[in-house]
Structure formats: C-alpha cells, structure tokens
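Below are two complexes that have subunit A in common, paired first with subunit B and then with subunit C.
== the complex of A and B ==
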C-alpha cells in the first residue's frame, strides 16, 4: 500500500468515526428532548410538594451551571456567586415594586445588572489568580451584603416584600425554573463547542501557555465571568419572585455559593451533566435532612470529603469513566450508528 | 530586520540576568543561542515574548516596538514560542491544543478551517495519528512535538525554540532534527536555545554565546567552536573536537531533498525492527565478573492500574560495576527504578540485594539498606542551605555516625559545595544543584547509587565534570546504575548496559560490544 492509499484509508476511517460521533450526538439530543417533553407534563400529575422540590432542583442546576462555567471550565474558583444572585434578586424585587414592568422583563434585567457588576469588578479581581481570586470574590460579595443591610433604598435589613399581584401563579414557577435550568445547560453546551469554549479550557489548563498561543486571557475570562453572572442574576430574580420577599441576610448568603460548589464537586467538575446530577443529589439530601437542620451541614461536609477522596471526578464524571472503560460508550456509539443506518 | 534587540537589560534583584544585550534576526535566518546554565537564555525568550517586563532597552519586531505589549498581542504580531518543559493544555486532546493557536493566533480562522489547518500541522510534525489523544497519555517525544506543533499552529514569522531536543535520546533527536531542517528549508526564521550541540550547530546560521547575561562571542558555527573563550566557558576541551563532524553531516542533510515526515516514519520503523533483530542476542551476562551479584532483579513485572509497564525484567549488578540502563522515553526506565526503590509494588518476580529479598520492604527502608538515588529533576530542598541539604542525606542510621567523614569526602569531590555551604539550595545554578543532589545521595553512604538523568539540561562542560565525579565515586567502591538520555556518554563510562524497550529488556552486553553492534547503533544513535 503506498502512502496515498494509506492516507485515503485513514481519511475514510476518520469519516466513519465522524458519522458515528454524529449519530450519537443526535441520539443523545433525542433522549434529552424526550425527557424535556416528559418534564413539561409533570405539573399535571405531581402534587404541589413534588413540584416545589422540582423547582429547587432546577434552581440548583442553574446556579451550579453558572459556577461550573467559571470554576469547572475556566479554573476561576469564584466564591462570589452569591453577589450576582443577590443583585439579581434585588433588581427584580425593585423593578416589580417600583415599576409595572412584566415579570419576564424584570428577571432578564436582573441578569443584565449582575453582568454589569461582574464587568465592573473584573479589572481588580482578574489581577488575582487561584486562591487570591477566590478570596477577592468572597470579600466583594460579603461587602455587598453588608452594604445592602445598611442601604435604606432597598429596605435595609428588612429588605423588600414583592407586590403579590405582580407574581406569577405557583405552577408557572415550575416552568420558569425548568426553562432557566435548560437554558443555562444549553448555553454552556453551546459555548463548549465554540472558540470561547476552547479558550476557556486552555486558560484552565495553563494560563501562561494560553497567552503564548495568542489568547487574550483577560477578555476570554471576562466573557465567562459575564455569562456566569448573567445566569446567576436571572436565577436570583426567579428566586426573589418565588419567595415573594428579599432581605440581605438570606438573599446574599454565602450559602448560595457554597451550595453551587458542593453540587458541582459532587456531580463532576468541568462536566456538562455533573451539575444536573449533583443538583438532584443535593435536592434529595435537603429533603432527607429537612428535619435535622443542625446536622445538615455536617453531613454535607462528610459527603463532600468522601466524594473528593473516592470519586475525584464526581458522580457523573466517574460514571462516564466507568462506562467508557467497560466499552459501553463505544457499544452505544455502534448501536446508535446502526440504528441511524437502518 | 525581523527581530531587533537594542541594549536590553533585565535584573532579578541583584542578579543581572541579561545585561546590555543587542542582537538581530533577519527574515529566514536561524540564530542559535548557547551558554552555560544561568546565562540568561530563557530570560531572553521571556523578554522577547513579553512574559516579563524589561528594565532597559527596546525590542522591535518587523520594524515596530513590541516591548510593553501583552503576550497575546506579541503572539498575534507573529512570534511563536515553545517551552523547555512541555506545557500542554491538559484535559484537552492534541487537536484541541492546536485549535487554540488556530482560533486565537494572529490569523484567527473559523472553527472548520482551524480543524483542517491543525490537522495539517499535526501531519507535518508526525503527530497526525494522535489527534484525538488526550495530552495526558503522550510520551516525552510526543510532548516535544506537540510543543512545536502548537507554536507552528500560530504560523509565526519567528519561532522561538527553548531546548526542544532536551531530554530526548539520540534517535529521537534525529527525528526532531528532520522536522526542524524541513522548517528551515521552508524559510522559517528561528531563535534556538539548545544544549544539544549537534542540533544547535546543524541548524543555526549564526550562533550567539551568552555568559552571565552578556555576549561572550558571536559567529558562524564553524567559527564559534574554535573560539577559545567559548571553549573555556562552555564547551570544554573535549567537545570542541567532537562537534566538528556533525556539522558536515548536517550540511549533507540540509541539501538532501528527503521529505521530513516520511523519513520520520522510516526512522521509527527502524527502531522497532532493530529491536526485533536485537532480541535474540542475550549475552555477556557476567563478563569477567564471577562474584555474587550485589543486586539482582529476577522476572520483575510491574505497572500502573491496568497498564503494565514492565514485563519479566531480569537484571544483575555486581559489586563495583557501572551499569547503564538505556531506552527511549516511555520504554520503562523510570518505572524500573520506581520498582527497584519500592515506590511501585511488584506484580511478579523478586529483587535480591546483598543476598536477601527486598521486594516486600517498605520504601523508606531502602536508604538504610544501602541504596541511594539521585532523582531525575534534582529535587533538592530549595529552602534549606547547601550544608543542611547534605546533612539530610545522612539521615539514615547507617550514615549518621560517619557524617563528618562523608561530608569531607563530598566536599573533596565537589569543592563548590563547601564554598557555598551556607547558601540556600534554590540560589545554586542548575549544575551546582545537580552536584548537590549527587552529594546528598553520597551522604547516605550507599553501596549502590542510582543516577537518573543527571545531565538533563546542563552545559557540556558541567556534564563532563559530573561524569568525572561519577567515575571517581565508582573508583571509591560504589556500584552505580546509570540512567541517561545520552547513550554515548553512558557507554563511555559504563562497563555493561541493559537495553529496555516497551518494558522488556531486549539486549544486554558490555559497553564495548554495544558500541560495535550495528542494530543497536542504528536504533539509538540514529546513524
């Protein structure tokens, strides 16, 4: 076989590899689509309590995805997500009390305000790397919380009660949160396949080398930071309306950030579906421990340590690895390939 | 002029890394930079790339001043750089690593176009078959190729290569040289830092010799090797003579029209084939040495997780011998040492040291038994003084009482360590750190010392000094296992050698016989 032929064979095999990949791609989207359609009908059959659990789950997914984009894919460990979340919540609360804007416009405005804040603080915090970035964002979020406690415009420590008339009915919160979770996962899935996604992963792997390869790391990190803040801000807006009230202590609580990080670590850092799996886990754990508030944190801590020790790739990451090692992913690929052909 | 440095200076604290340096590179020209460790070579690259700010002077690229610009902007202007120690983007495939350059480099192609271009670059450097491999599973040669490929994906007007051949064995260097020659023929301007003289002298149009951040000499390769200043500061007398033949050789290869990737494949084949030829030859197990082996590995197998790295390895070392372990990167040399020093459990087989099995002994007891190791990458304690580093070497029971006596012996061997006894380990130059590492190993008063890549990244004159010391250590009665990238050097001082390939010992013979073995020479010297 001469070189020309060898190359032809190689490109042919690459072609079929590509087809396999494509068909798997479509099959997985088909499954996701079916699950999505199924989720649309849940409120018709489930009781009120399950629906509220589902709401929490969706909110967690969005928050975790927003943190994962920064911490998981870009390597920027932010401890300041609560600031974006809280700003979003207050923005929606203010808009709904002071203006007659529709609910949907208000939560999108929440995202915008959080993004503007992110861009404004990017200049100082991006000077820090690693642990210093984490501390910097934490300090900013805490400073914002203290500011809110003392600011009369936003009701100080009392916060704001939203006008009931402007709120959607409880059932529609299910759909709003579902849309939020789906959109945040979708946005990140999309980003990963773009130039931005490649740049983010390069920065996580080695920021200096990324600069060497022409990546304007400041700008790329800023994009990730802004998108992450937008998602967290919208999530805050949704939560404000769901709760019907905002006040600094719980709305800006660092626990929003910690919950998001826990979920991502338990589910799988830097994976698309890790946050979904982790959010499901966290929701069920909340549920199981709701009568033992005093030991809730302790048990979460123990679980976190166990996961880091024994499943460093997270539940989803580990499952993915196992499937790959057993050849199941390849088998699925073959299966879907054959299915696509017939 | 493509690149122009005018009176550039850079100091770190009181140390002048680069002082008042001027240089130029024309379009299509290859400038080689050489000099001892700590001469400011890598600092020079960092200055050009904008990774560190300069104190004085200007740097102009294609007529425009670039000092003060950010790294990514300098990259967009057309400067591509490789790292001395490969810095791949982990958790990304080989192709994705290159996509970064195609998408973000000066040209900023679309995703589809970038994929095509990246694949073409991989073909060029012989990594095409690895495009969807994650970088974690690449060997050193492949990582070096990836470094080069990433820089090429930027389509740079000027390529900065930092020790691109460092850490490779001769035949791997040959493969890399083919690629670099091909690049040079295509008119690529380059600035090369390289300790490997055959690469530097073969490729460079001009050579600049640095010492203490200053220009020591500049000239053509042929002129430089006869420069008495250069011989004294860097080459050493012996190597000045050795370098001349490779130049003629390289001129030949420069004029040949061989296509680089094809010949690269060919040379890979020849390694495998000669390994097959070589395998039946198993002789010279104990030439002229009749006594009990000091160390004996019998049928050792070991590995990591599901990956088996060593298969049925047997090896004997007799008291007073220097034995070399030779193999390509990834052949299993480091794994063998890890197994031997009990940092990796054996799957099968046994290790006998001084008549008793050590296969089940814990790792920390190895030093007490009398085995010391000089690890790859030096691993000295940077925050301790030179003396404290040495004293820690005598931590084990057998060495504590005779500490002062051993210390004197080490100081005799490396007087510089006595001179700098109160300096922090981190303030030593690369060569001195290596001496300290050897000294520390000796402090344990071992009977067997394992030297793993002692010459990595050091100037020829320093390597000579280290090798003289190793011979001296051996003369004082210590048995030595030598793992070394430079096959020529290790065979020069070893009595016997074992060749390891794909985790198996494929050949063992006396050094003298091996030097005559044509299959072996073809595989490891690339001749």
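== the complex of A and C ==
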C-alpha cells in the first residue's frame, strides 16, 4: 500500500467516524428537542406546586451552567457567582421600579450589567491563578454585598420591593425559567463546538502551555467570564421578579455560589448535562427536606464531600463513563449510524 | 471627623490588628504547609467561641481560662478532619480539597445553627466594659488584652515552628513532602497534626472574637475573609508577617472607618486585599514560607 492509498484509507475511516458521531449527535438533539416540546405543555397538566418546583429546577440549571463554564470547562474556580446574580437582581429591580421598561428588557439589561462588571474586574482577577482566583472572586463578591448594604440608592439593608403591576403572572415564570435554562445549556453546547471551546479546555489543561501554543488566554478567559456573568445576571433578574423583592443579605448571599457549585459537582464537572442532572438532584433534595432547613444544608455538605471523594466525575459523568466502558455508547453510535444510513 | 477620632481609630485598630493576626493564624499555617485553602476556618473560630460559651458558663470561669481547656478540644476536633476528609483528597490537586472545605464549612455552620440557633452571643466578663488610657485615647481593656494574647500566641507558634522537632518536621513536609518522607517523616500524619494545631489556634482566636465582638453561626465568612486579607498581606504561610499584616488591616479599618463611616469598614480590608494581590501576588512581607 503506498502512502497515498494509506492516507485515503485513513481519511475514509476518519470520515465514517465523523459521520457516526454526527448521526448520534443529531439523534441526541432530536431527543432533547422532543423533551423540550413536552416541557412546553407541563403547565397545562401540572399543579401550581410542581410548576414552582420546575421553576427552581430551571433556575438551578442556569446558575449551574454559568458556574460550570468557568469552573468546569475553563478551570477558573469562581466563588463570586453571587455577585453577578445579585447585580442582575438589583438591575431588574431598579429598572422596574424607576422606569417603565418591559420585564424582558429589564432581565436582559441585568445580564448586560453583570457582564460589564465581569469585564471591569477581569483585569485584576485574571492576575490571580488557581486558588487565588477563587479567593479573589469571593472577596469581590463580599465587598459588593457590603457596598449594597450601605448604599442608599439601592435601599441599603432594606433593599427594594418591586412594583407588583409590572411583574408577569406566576405561570409565565415557568416559561421564562425554561427558556433561560435551555438557552444557557444551548449557548454552552454551542461554545464547546467553536474555537473558543477548544481554547477553554486548553486553558483548563495547562494555561501556560495554551498561551505558548498561541491561545490568547486572556481573551478566552474574558469571554468565558463575560458569558458566565451574563447567564448569572439574567438568572438574578428572573429570580428578583419571581420573589418580588431584593435585599443585599440574601440576594448577594454566598449561598447562590454554593448552590451552583454543589449542583455542578454532584452532577458532573465539565459536562454539558451534569448541571441538569445535579439541578434535578438538588431540587428533589430541596423538596424532601424543605421543613428541615439546617439539616438540609448539612446533608448537602456531606453529599458534596462524599461526591468529591468517591465520585469525582459526578452522577452524569460517572454514568457516561460506565456506559462507555460497557460499550453501550459505541453500540448506540452503531445503531444510530445504521438507522441514519437506511 | 477630627484628628483625635482618627487617632482613636488608629490606636484601637492597631490593637485589633493583633486579634486579626490570631484569627488568621490557623488559615496561614494550613495553607503554608498543605497548600489547602481552609474555607472552613471561620466556622472553626465560631465553634471555639460557642464551646467557650458553654464551658465558661458551665464551670463559671473566665473565658480566657476556658480557652486553655479549649485548646486540646479544638486540637482533637481538627485532627480527624484532615485525616479523614482532606488527606484522601490531597493528591487530586488544589481544587477538590478547597471545595471539600466549602462542604465542611456548610456542615459546621448548620451544626452551630442547629445547636445554638441564630441568637447573637457574647462572652461576657466582669471587665468587659472597662477601658484604659493609651496615647491620649481611651480604648477598651479587651482590645489591649487581645493584643497581648495575640502577640504571645504568634511568637509562641513561631518559636515552636523554628525550634521544636514537630515544628521542624512540619516545615520539612511543607518544603518537600517526598524528601521529608525519605527522612522518616509521615506527611499524612504531619498534615493532620498541622490542621489540628491550626484548629487549636482557633481556640484562642474564637475566644477573643467572642469577648471583643458578638457572634452568630453565620459570622464565619466575615472572619474567614479578614483572615484571607491578613494571610495575603503577610505573605501566604509566613507567621511573623501576619502580625504586621494584622496591624495594617486593623489600622486601615480603624482610620478608614473613621473617615468613610463604620458601615464601609469591612470593605476597606477587601480593597487592600485586591490591591496587594494585584501588585504583589506573593504578599507584602513574603520572604520565607512557614
């Protein structure tokens, strides 16, 4: 076999590999699409309580995706997501009380404000590496919280009550949160298929090596940081309107960051559907222990430590690994490939 | 705002600086030796404060005396935490232990909430309200006491690390764990002992916090962040640098609080933190580790 033939064989096998991958890819998106359409009809059949549970689930998905983009895919462990979330919440609260802007514009503005903040602090925080980044973002988030407690423009420690007239009706929050969760998952799925996604993972593997290989690490990190902040900011805006009130102690509480981290770690760090699985787990745990607040958080802490120790890939990550080891993923691929061919 | 209020802020800030250094001591030790950012340190301080509340109340003794009993108790609390939670994660890189410490801080905070509820507590003594005259400024006697205790503890820990066998073993494990192991030192054991010593220093830190300020189960984060500021200012892992860092933070807070209003007091430390980390990522007083 001469070189040209060998290359042909190689490229042919590569092509069929790609085709196999593509058909599975499209089938999984088809399934997701069908689930998505199914979700649109849930409010017609479910009771009010289940709908509010679903709202929490969607909000958790968005928050977790926002953290996962930084902590999971880029290796930037942020402890400051609460700052973006809180800024988003306050932006929507201020816009709805002071101006007559429609709700949807306000929550998008929330994302923009959080993004602007992220870009503004990127210069100092990107000088911090690893754990220093974690501490730095935590300190910035707390500094912002203390600022908000003292700042009279945003109502100081009392916060702001949103005007009821400008809020959407309770049922539409289901759709808003669903759209938010779907969009944040979709945006990240899209990013992973672009050059930016490759850059992110290169930085996670080794930032200096990525820089030497020609990745503009500052720009890639900035994009990840800005997109993560945007998602968290919009989530904050949605939650502010859902709650009808914002105040610094709970809106900027570090617990939002902790929730996001918990969900991602339990579901699977650096995986697309890990945050979804983790959010489902967290929502169910919320519901099971809703009457025991401190025991609930204690159990969450115990689960977090156990998962880090014994299941570092998370529920989804581990399930994926097991399926792969048993050859089930490959079998599915073959199956979908044959199905696509016929 | 007059020069005298500024001076008062500076003097009481300087005295508080000693307290800040003590509360950060365990954080610095654990970071310097294991490179572990122990975000549960704030809760360890509070646990000590609550245990002191129980011990000094039950035995009817002075909180400072109760702190002496607390030191071995906190040591025993700390040892298994490192042994069973953090040691198995040490080989996974720096992030899993950090996130596990986050989990631990959630657990401890809610244990405190469950047992002692959200009520504000203070460790009261007969001399709580007394004051002394210092540089034309009247300051709380507690601040002076905290300052002296802090000084003694930090010098003590420094001497222990420099001259005792265990101190030398800890420093050896911090510098190069695998070489230390060849020399007959068990790093896992050293790590557990270091964490235990860090928790033991929280016995005094928590007591001083309880005597000088009020505390609730959720104040851990505030003290953790003050600790970060001191540790970063003093150079990660440097013990003597922490006294200087504590003084700077205390004075900046005292003077800054007098100028900007007490509500913004806590932010001043954070601003210093960011500026220092940007300009000198290794810390202001950094020369050697531990």
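Throughout what follows, the second predicted complex is superposed on the first by the 339 of 342 C-alpha atoms of A that agree within 3 Å, B and C clash if a C-alpha of one lies under 4 Å from a C-alpha of the other, contacts with A are read in each partner's own complex, and residues count from 1 in each chain.
One rule holds for everything that comes next: a contact is a pair of C-beta atoms (placed from the backbone, for glycine too) under 8 Å apart; a residue touches a chain by one contact, two chains touch by 3 or more.
As the structure is a computational prediction, the values presented were derived from the model and not from experiment.
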| item | value |
| --- | --- |
| First (subunit B), second (subunit C), both or neither touched by A:34 | neither |
| First, second, both or neither for A:322, with subunit B first and subunit C second | neither |
| Which superposed partner A:104 touches (first subunit B, second subunit C, both, neither) | neither |
| Greater residue coverage of subunit A in the superposed arrangement, subunit B or subunit C | C |
| Subunit B versus subunit C as contact partner of A:294, first or second or both or neither | second |
| Which superposed partner A:284 touches (first subunit B, second subunit C, both, neither) | neither |
| Which of subunit B and subunit C A:140 touches, first, second, both or neither | second |
| Which of subunit B and subunit C A:210 touches, first, second, both or neither | first |
| First (subunit B), second (subunit C), both or neither touched by A:179 | neither |
| Subunit C residues touching subunit A - in the complex, by the definition given at the top | 35, 37, 85, 88-89, 92, 94-96, 98-100, 102-107, 109-111, 113-114, 221, 225, 228-229, 232, 261, 263-264, 266-267, 270-271, 273-274, 277-278, 281 |
| Contacting residues of subunit A [partner subunit C, same complex] | 77, 124, 127-128, 130-132, 134-136, 138-140, 142-143, 146-147, 149-150, 254, 258, 261, 265, 294-295, 297-298, 300-302, 304-305, 308-309, 312 |
| Residue ranges of subunit A touching subunit B (in the complex, touch as defined) | 3, 10, 193-195, 198-199, 201-202, 204-206, 208-217, 270 |
| Subunit A partner contacts - residues on subunit B that touch it in the complex | 49, 51, 70-73, 75-76, 81, 83, 87-92, 96-97, 99-101, 103-106, 111, 128, 150, 153-154, 262 |
